[in-house]
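Consider the two complexes below, in which subunit A is the common component and subunit B and subunit C are the respective partners.
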Partner chain A sequence: MNRRALISRIVFSVCAALLGVAFALPLIWFVFAPFNAHADLDLALPAPPTLANFARVFANGAAVGALLNSLLQAFGTVLLVATTATLAAYALARATLRGKRVIEYVLLLFSSVVSGSAAMVPIFLIVNALGLIDTQLAVILVFAGGLLPTAMFILRDFIASIPRGYEESALVAGASPWRAFVDVVVPVLRPGVTIAAVWAFVQVWGGFLIPFVLLRSEQRMPASVEIYSFYSQAGTPIVPLLAAYSVLYSLPVIALYWYVNRKYGFRFFGGIKS
Partner chain B sequence: MASIQLDKIGKSFGAVDTIHAIDLDIGDGEFVCLLGPSGCGKTTTLRMIAGLEQPTRGSIRIGGRDVTRAQPKDRNIGMVFQDYALYPHMTIADNIAYPLKVRGMAEAQRHEKARAIAEVLHIGQLLDRLPAQISGGQQQRTSLARALVHPADAFLFDEPLSNLDARMRVEARAFLCHLQRSRGMTAVYVTHDQAEAMALSTRIAVMCAGDIVQYAPPLEIYRRPATTFVAGFVGDPPMNLVAAQATRCDRGITLRGGGLEMSAFASWPALDRALDRGDRVTLGVRPEHLRIAADGAGGRLHGKLFANEAMGPESLVTLDLDGGVRVTARVFGDAPVLVEGDAAFAFDAARITLFDSAGNRIDDPV
Partner chain C sequence: MRNSGTFSSRIGVAFMTPAGVLVTLFVVFPFFWIIAVSFTNRSLLGASALHPQLVGLKNYLDLFDPATFWSQGGFGPSLWLTVQFVVFSALCGQVLLGLVLAWISRELSPRAKSLLQGIVMLAWILPDVVVGFAWFAYLDRDAGTLNQLLRGLHVPAADFLIEHPFLTICVFNAWRGAAFSMMLFDAALQSIPPSYLETADVVGASGWQKLRDIVLPLIRGHIVTDLILITMWTFNVFTPFLLTAGGPSFETDILPIYTYRIAFKSFEFGKGAAIGVIVMLINLAFSLVYLRLAQRGLRKKGKAA
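Presenting the complex of A and B:
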């Protein structure tokens, strides 16, 4: 290797290392701060490491309840989105429907509007008119409405990659169309549904605006909103508690990714198709 | 088992008329092949019988019952798909037993039946595997087992052997032939391989561009092809076809064409009528009826040697005729065939088939 190449290589490595450190610092903070009773925004080794922050979070009934609310909203939405999106995507992928394309584009357009903040006022008015303000159902329905079109598109592509022959051979074997769908399409589609479900879960889990606008009482708020209770009146964060709560808040998402990765190895798009 | 009748069945995809008006009468226990080139509508016809495609016109009866609008599940059929369409998430046993499961048979009983048919097809040791874990030939037999496990009224096959290699294809063909002989099943079998159709069928329906051009037993199709299309499709190599000009003379009829010469022969009524409509005819003669000889009492084809292929039990010798047409002779035996440069084939007048100017067969003298 000549000198020039060597120097440019060294310069490159140093730059890359600096860049890596810049990104790693917040993560390192995130590892240490929850276990540091006196954590602030500086990076510091906890001395001694302690679980006191977590104990204080768990002692806070509202904070724990908020995590449960988040789970309820996320699972509710995922269930609704996964079932309706699967059925709708199946229809879109398989039916020979006149004007199918137009329907798809209109849906795609609406999905970005419905989940966007621009629609919050009309959504609030509609939910209010339905008498659903301050209910978990309202949050679930609005989330599901926003996520449904995209989930449907994810699944439609999965279904389009399943040969029709699978269903057809079930039909001639004596199955009704519904039976063929349940026996053959749904199992083959499972990786696709899992992706859509995980994606929807993460969206709801991190969603702030919708529950913030539609809910009133603190005992119904999800963690994404409740996390602001760890700010003082003046708006400054109570860092030790915030750090501990953040860890708890990220755990389900991490667990979910870990599970999906173990089960499907993130090679989703090959699926289990042979 | 049951009979199948297609009555003026037609199918259009949008504005495209794919199947025109097919009549097909398949007897109880018959094995009928739909034979034709790719894209002629064989699969579409089969799918209409299965109920996977709605006919645009006409009606379908299975076992005398009108099933034109019936769902596939109400037709009681077994079907083998070209790509097998095995369920990837089910074991081989579950795949085979699926038609029984749908009909509500208990698990132990249906697995018993699946095992029995799997043994017959030599895949009994694979029952616990998934489709992705077995070979193409084994998948093919699995899909066959799945179609056969339940006593259906009729069996439908869509080119079930086309994804196998040549050797396994011949083996599977013999097996199907045996199955048909021993079970006497009613079957409709789609193929573009004329050898398969010849080997398996009780009758062959030759299809061309959405129509059935001839429906007859294999040997009838082979000996008396109804049109030049059938003649050029059936046989390996197929019948040689040479355009000719017919002339009446005092000794009868003479035929002349590029590289073709025939001694005059006596006419007959059907030929007379055809020649009244036009004197352009097509002469057809099978490769096995050509001899390598410079002269002969019947007719001769002159040309330049194009290829000389020794296949073992036979040789195929191909000439480019002076008129530009290519003809092939089949010479039986493993002795080398010595031909070079200019050469000629001879044939007997009794061995020819004549087609009129529209390509339809002219009846033989009786």
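Presenting the complex of A and C:
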């Protein structure tokens, strides 16, 4: 390697390292603070490292309650999305449905147009008219509606890759479409449902705006809203507790990404996160 | 083959119904309902909550009223801030950063590559409130990591969320979302036959020349896709609210936060709906362009196959 190439290699490595450090910096505090019983907002090595903060989280009724609410809302939504999206995706992939193309186009269009805080204005009014403001059911239903179009497309592509012969032989053998679906399609479709379910879970678990707008009572708030109200409140937040709590709350998301990445590869995350 | 299904349309409709009800109620219907509400003076409490009145185009005319359009906390400044936010944090930030990251990771050893990409991915997958809290701690005036670092470099510390709020949310959003562009471009770069770049190396092309003359033309489709998606997402992103709540004095009052403030802080649903309709129409324009391009891409692929 000549000198010029060596210098440019060094410059390149330094740039790459600096970029990595710049990305890591905002999160470094999070590596230490949860294990520091006296954590403050400054970066300090915990001496000694301790799990006391995590014990404090589990002793805190409100913190545990909020995590349970997050679980309830996430599992409720996942269940609803996984079942209804599988059924609908099966119809989209296999039924002779007039206007199937139109339905797909409308789904794609609306799901990207009706989003964010603009969508929350009519959604709030609709939920209000249904008498569901400040209920966990409202959070589940609204999340499910918003996540369904993408879940349906994920599953439709999976179903399209299953040879038709599978169900057709069941139908020829006299099974009803429902039986063919439950006994033949659903078992083959497990990876697809897993991915759609994991994706939906992560969305609800991390979701902030929907519960923030639709819920009012402290005892129904999920962990996302709980964490925000803790650190945004005037006065010093309980930093050690909150640091440990945030890490606990992030763990399922990290674990699920890691699992899906390892098992199915990253291409599935292309359009998946937002 | 596509048209002849495995089973009849009656059963198909039955299978579609549960999802259809949910999507209709919480995705399709809200689109039309927000248009209807935008022509009323609907509020949360009082007479206009129970019996909202039709006010025609009043909400829209108010938004664009020249006398108040540019006033602090008004529609004009919010719109302008949003444009800048998209240009700086999405186009200059996420897309460019993503391209640089993907380009750099090509030349790294596999271990360094997965370390770099892992860090960038972490910024992207962590829940909103966790990155909100992380940045809140990171930027703290007295103790935050950033100010500790700056003091070490003898740069005066600053309360970034108060003194440079808009710059802060731009950097924050670029940091938060760069991973998506990085992954998209990473996949795109891998699809370029290595021989192209090797040939360029043989004739002694510089890194910049390779990027400009070989790589960028080949991944143009990916860049366009990325630009549209990132623009749409940034245009609707609510996460900066978790850092600044739109303040101080409306300096980070981008449209998603402005909409939220009018509808859910002031409870002026009519006016909030009017803003929402404008936002959705802009979304619609982007989506139509995106779908058009995506379909063209599919058709091309179909022909090639």
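In this section, the second predicted complex is superposed on the first by the 237 of 274 C-alpha atoms of A that agree within 3 Å, B and C clash if a C-alpha of one lies under 4 Å from a C-alpha of the other, contacts with A are read in each partner's own complex, and residues count from 1 in each chain.
Throughout what follows, a residue touches a chain if its C-beta (ideal position, glycine included) is under 8 Å from a C-beta of that chain, and two chains touch if they have at least 3 such contacts.
Because the structure is a prediction, the values reported are computed rather than measured.
> Classify the contacts of A:P187 with the two partner chains as first (subunit B alone), second (subunit C alone), both, or neither.
Only subunit B; A:P187 stays clear of subunit C.
> In the superposed arrangement, does A:R179 touch subunit B (first), subunit C (second), both or neither?
Only subunit B; A:R179 stays clear of subunit C.
> Which partner does A:L148 reach: the first (subunit B), the second (subunit C), both, or neither?
Only subunit C; A:L148 stays clear of subunit B.
> In the overlay, answer first, second, both or neither for which of subunit B and subunit C A:S217 touches.
neither
> Just subunit B (first), just subunit C (second), both, or neither: which does A:T83 touch?
second
> Touching A:P163, do we find subunit B (first), subunit C (second), both, or neither?
first
> For A:L171, using the defined touch cut-off, is the partner it touches subunit B, subunit C, both, or neither? Pick first, second, both or neither.
So A:L171 meets both subunit B and subunit C here.
> Count the residues of subunit A touched by subunit B and by subunit C, then name the partner with the higher count.
More residues of subunit A are touched by C.
> With the two structures laid over each other on chain A, which partner does A:Q233 touch: subunit B (first), subunit C (second), both, or neither?
neither
> With both complexes superposed on chain A, which partner does A:G116 reach: first (subunit B), second (subunit C), both or neither?
second
> Can you pull the subunit A residues that subunit B and subunit C both touch?
Subunit A residues touching both partners: 168, 171, 177, 273-274.
> Which of the residues in subunit B end up touching subunit A in this complex?
50-52, 71-73, 75-79, 81, 83, 85-89, 98-99, 102-103, 130-132, 143, 146, 150, 156
> What residues on subunit C touch subunit A, complex-wise?
Within the complex, subunit C contacts subunit A at residues 3-9, 11-13, 15-16, 18-20, 22-23, 25-31, 33-34, 37, 42, 100-101, 104, 107-108, 112, 115-116, 119-138, 140, 142-146, 148-149, 175, 178, 180, 183-184, 187, 229, 232-233, 236-238, 242, 245, 256-257, 259-260, 263-264, 269, 272-273, 275-277, 279-280, 283-284, 286-288, 290-291.
> Can you list the residues on subunit A that touch subunit B in the complex?
Listed in rising order, the residues of subunit A that touch subunit B are 163, 165-166, 168-177, 179, 183-184, 187-188, 272-274.
> Report the residues of subunit A in contact with subunit C in the complex, numbered from low to high.
12, 15-16, 19-20, 23-30, 33, 40-43, 80, 83-85, 87-88, 90-92, 94-98, 103, 105-126, 141-142, 144-146, 148-149, 152, 164, 167-168, 171, 177, 181, 202, 205-206, 208-209, 213, 224-225, 227-228, 231-232, 239, 242, 246, 249-250, 253-254, 257, 266-267, 269-271, 273-274
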